[in-house]
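Once you scroll down, you'll see the structures, which are given as structure tokens.
Two complexes follow with chain A in common, the first pairing it with chain B and the second with chain C.
Let's look at the complex of A and B:
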């Protein structure tokens, strides 16, 4: 069911609903174009730095992570319209919840998996015992 | 390549009488029901009013019905396992090992995914929009699709009874046993595709309900005026959205291993089977709270209503709910303390696990204080709630015991563990389901369930639970591991006999439940709920008629505080009149749609074809299922209108009943 406007609490409207009301289509398209440009720049940059001496070799993974996070930010702001406005509280909270859970599951898994052989003998002792 | 893939006449277990006869009975019964509906001419009605319905109330009822049917199926598995262990002491029993393996796997799978989940989701479907004071969920057709995809999963599991075999590797099929090399049959594939398909349905339910609760509420229904059931539904659905993709991804990886020779969880080629166990429990522990939280919600409603008091500590209840929602994502390692992690990892996850119990403890005290000083009515739902309070506390405490890693090294995968999780699941999910069904049944159907048979069912269930599962704690402490097809240790045997007797008591409970429904339907005129408020309820679902009209509320309620319906009643009694009649307007409702049913029909075909490697049929099924969505997306008319005078007529009927109630109330001179 699409509820009538007045059924919805005024302070939590889907993102984009308000924007459609007070912005022109041109502004909207402009936002997407800026986002697209930024996203392309970040993508090109990440391919570029892998092959240049611009960054110290071992630093490259770090640079890639930074660029990836920036990319996420660009998508959130320009394409998914996450803002700090009050009408966006739900979305920001949902995002925070998602990030938290992903961090817990991935971080936890890495930690757990790296510890799973703790109770095993180190390999050299094992081979010594087999002898 | 064979036209029918791996499928042949040999897939039907001609030489095994038990599944064959059981399957035959089920299918004859199913066939009889279908034939009866067609012959009696009920099919058009069923199609119009139920199968294509997108009404959250109808979908809720269908979920609940599916859950109850699957509950019986799972219960039959339980009877078989308990009787096998009762006689398989120094004897082979009557179930051969490969059959016993399938039974315990099917039991767990069916109970968790196709009984407990639909039970809770069914109650949420029926109740949440009513309690929020709105007309439907955010995406009604998606909701119907969710239901039918769940039914697809249940159907696939039951087909495996007669065509092929079911998963022999446990309800969470750990590799390497579940890999193709050690389980070459189709059993694990039945499991995988049933859960992959129904998992999509569950995820869509999660999205649907999060959206509904966050976005669609009656005017004035701020977050802190929602009932606790809505809060727990919100938390559970947030957890579904976060956790079910993990399950789907994990099972998809196992599927890739089995179908395309991947090596995610194999021992060879860099795979790691422990990753499966890690990931499946990253879903699995949240899952137990996805089941437990809505049940806490049911009990909060029941205890407050039947104590005649607002819930004690409403805000702490909300806080505890959201606390559990988050913390349950930090404890999953307690399911595999013994897998090799060091003391620091085990220690931290052990502590986190014990901390969860704090959230639950807060709730237990809140329920106790709600009852304290209240005028308690010992109706059937309240009995289930009180049985839950005591029983769940015991289960929680054995859980905390298992959360201590050194203790868990002794008790892991013993019958002590089995007793623990049945202790929390039976009291926390089944009792809640029965409490909820008894409580909201009059709202759904317009008449109450028979109290006497309900109470009998409660007492048999409660006693049956203790007699069945307390012996399992003892046997576990005596070292008996789970899933034994036969055993040689004399000390365990008496406990297995007691547990088998417990199942007999549970069977009496089942008989009482069935009788209760039959008796209630036959005596529905005496049990009629005229006012729509049979229990002196406090939240908005009781403000509308029983059963509610398709549009739920003629005029959306205007919420001015917590317990909105209680406030409306108090105002009516004080002023000795109902609030003045509103201006009725036409109401738009979503049109029924067979999308969900047809999509699920083709998903069933796709799933079946994938299990048996019938590739042309896979293509056909997928294409058809996709075509349904396209067809739905292109529909022209989405809604139909109920004219204002029809709304007015329905609402005046309701007001007439209320006015009578008010007259009655005046004469009786009772305080509100």
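Let's look at the complex of A and C:
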């Protein structure tokens, strides 16, 4: 690592000019290590859970989705650095909007299509009617 | 972001309760810029880094929304195998596990490259980016092999609606990774030629966000497509 990290006086810096990082390298690496450890744990749990008799069969997809959402949260916090800091408010709001749209698209599609499936004739009856 | 009305020409009032304003200790998103740009017009406009990160974040979210459409299509069509093979017959869990490991490790080394960039170490940045690229390439190779094997066995995207949606969503992610690899190559060349200019560092920030977002999409992908699909 380069030892000479130039000190920039904050008052000398015009807005828009990069500021030197004021946190140590070790802190940065530590954050990523914690994130990696949590992500590995959740990933291993996901892969383990698929074939385990530990969980009631129909509950497995739910458990998988929960683990995936937890891991996405870990990635957001430790890798993408979404925080509650004031200069992050806009990012969090945009994320909330994105989550809303994703939930509407996926949840809505599944909901509507399952209802359509229920109201549909079985395929063999349908082809019989078309003759 | 913050209002640009009156605070711009004033000297930065750095000492107003700096502990309260937060935003430090975060090397990537938004933090590390002017910690006193609170969005309340106190420190002038937010630093360019914060704004660039915000803009790129919005692009990433729109990309994720696009992916959600592919995911919705796949979730709806998961059982529409038209008499063809289902996920259980097609997927190889150990291959998916290795792919996941590659991508997670590459995400980690990408984060390390960001730390090295903060420390202005060219050597470590380049090394970490190189490892990131190699891991990404290993991921792509595995995925290409999987696709080639499926198509060779007659289970290409034209076999069933389930396989169409499978190739669409996984292939779209693979395309993103390929584009990311190209971008990574150009970033390494830019660091080599131009060094850590402010604009290059901002591009590196965007690349980092892109690569981590790809990993987030892969988390959703291996869960919904591979693991849930395998149980069917």
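We adopt the following convention: the second predicted complex is superposed on the first by the 90 of 131 C-alpha atoms of A that agree within 3 Å, B and C clash if a C-alpha of one lies under 4 Å from a C-alpha of the other, contacts with A are read in each partner's own complex, and residues count from 1 in each chain.
Operating definition for what follows: contacts are C-beta pairs under 8 Å (C-beta built on N, C-alpha and C of every residue); 3 or more make two chains touch, one makes a residue touch a chain.
All figures in this text were calculated on a predicted structure; none of them were measured in a lab.
May I ask you to decide whether A:90 touches chain B, chain C, both, or neither, giving the answer as first, second, both or neither?
So A:90 meets both chain B and chain C here.
First (chain B), second (chain C), both or neither: which does A:98 touch?
Touch partners of A:98: chain B and chain C.
Which partner does A:118 contact after superposing on A: first (chain B), second (chain C), both, neither?
The answer is first: A:118 touches chain B but not chain C.
More residues of chain A are touched by which partner: chain B or chain C?
C
Which chain A residues are contacted by chain C in one complex and by chain B in the other?
Chain A residues touching both partners: 1-2, 90, 94, 97-98, 101, 105, 108-109, 113.
Touching residues of chain A toward chain B in the complex: what are they?
Residue positions touching the partner: 1-3, 6-9, 12, 14, 90, 94, 97-98, 100-101, 104-105, 108-109, 111-113, 115-120.
Give every residue of chain A touching chain C within the complex, in rising order.
So the residues of chain A in touch with chain C come to 1-2, 5, 10-11, 13, 15-19, 21-23, 25, 27-29, 31-32, 35-36, 39-40, 43, 46-47, 50, 60-61, 64-65, 67-68, 71-72, 75-76, 79-91, 94-95, 97-98, 101-102, 105-106, 108-110, 113.
Would you pull the chain C residues touching chain A in the complex into a rising list?
Interface residues on the chain C side: 1, 8, 11-12, 14, 21-35, 37-40, 43-50, 53-54, 57-58, 61-62, 64-65, 68-69, 71-73, 75-76, 93, 97, 100-101, 104, 107-108, 111-112, 114-116, 118-121, 124, 198, 201-202, 209, 212-213, 215-216, 219-220, 222-224, 227-228, 230-231.
Which part of chain B faces chain A closely enough to touch in the complex?
Result: residues 134-138, 140, 210, 214-219, 222, 238, 242, 246, 272, 274-275, 278-279, 282, 326, 329-330, 332-333, 339-345, 556, 588-590, 639 of chain B touch chain A.
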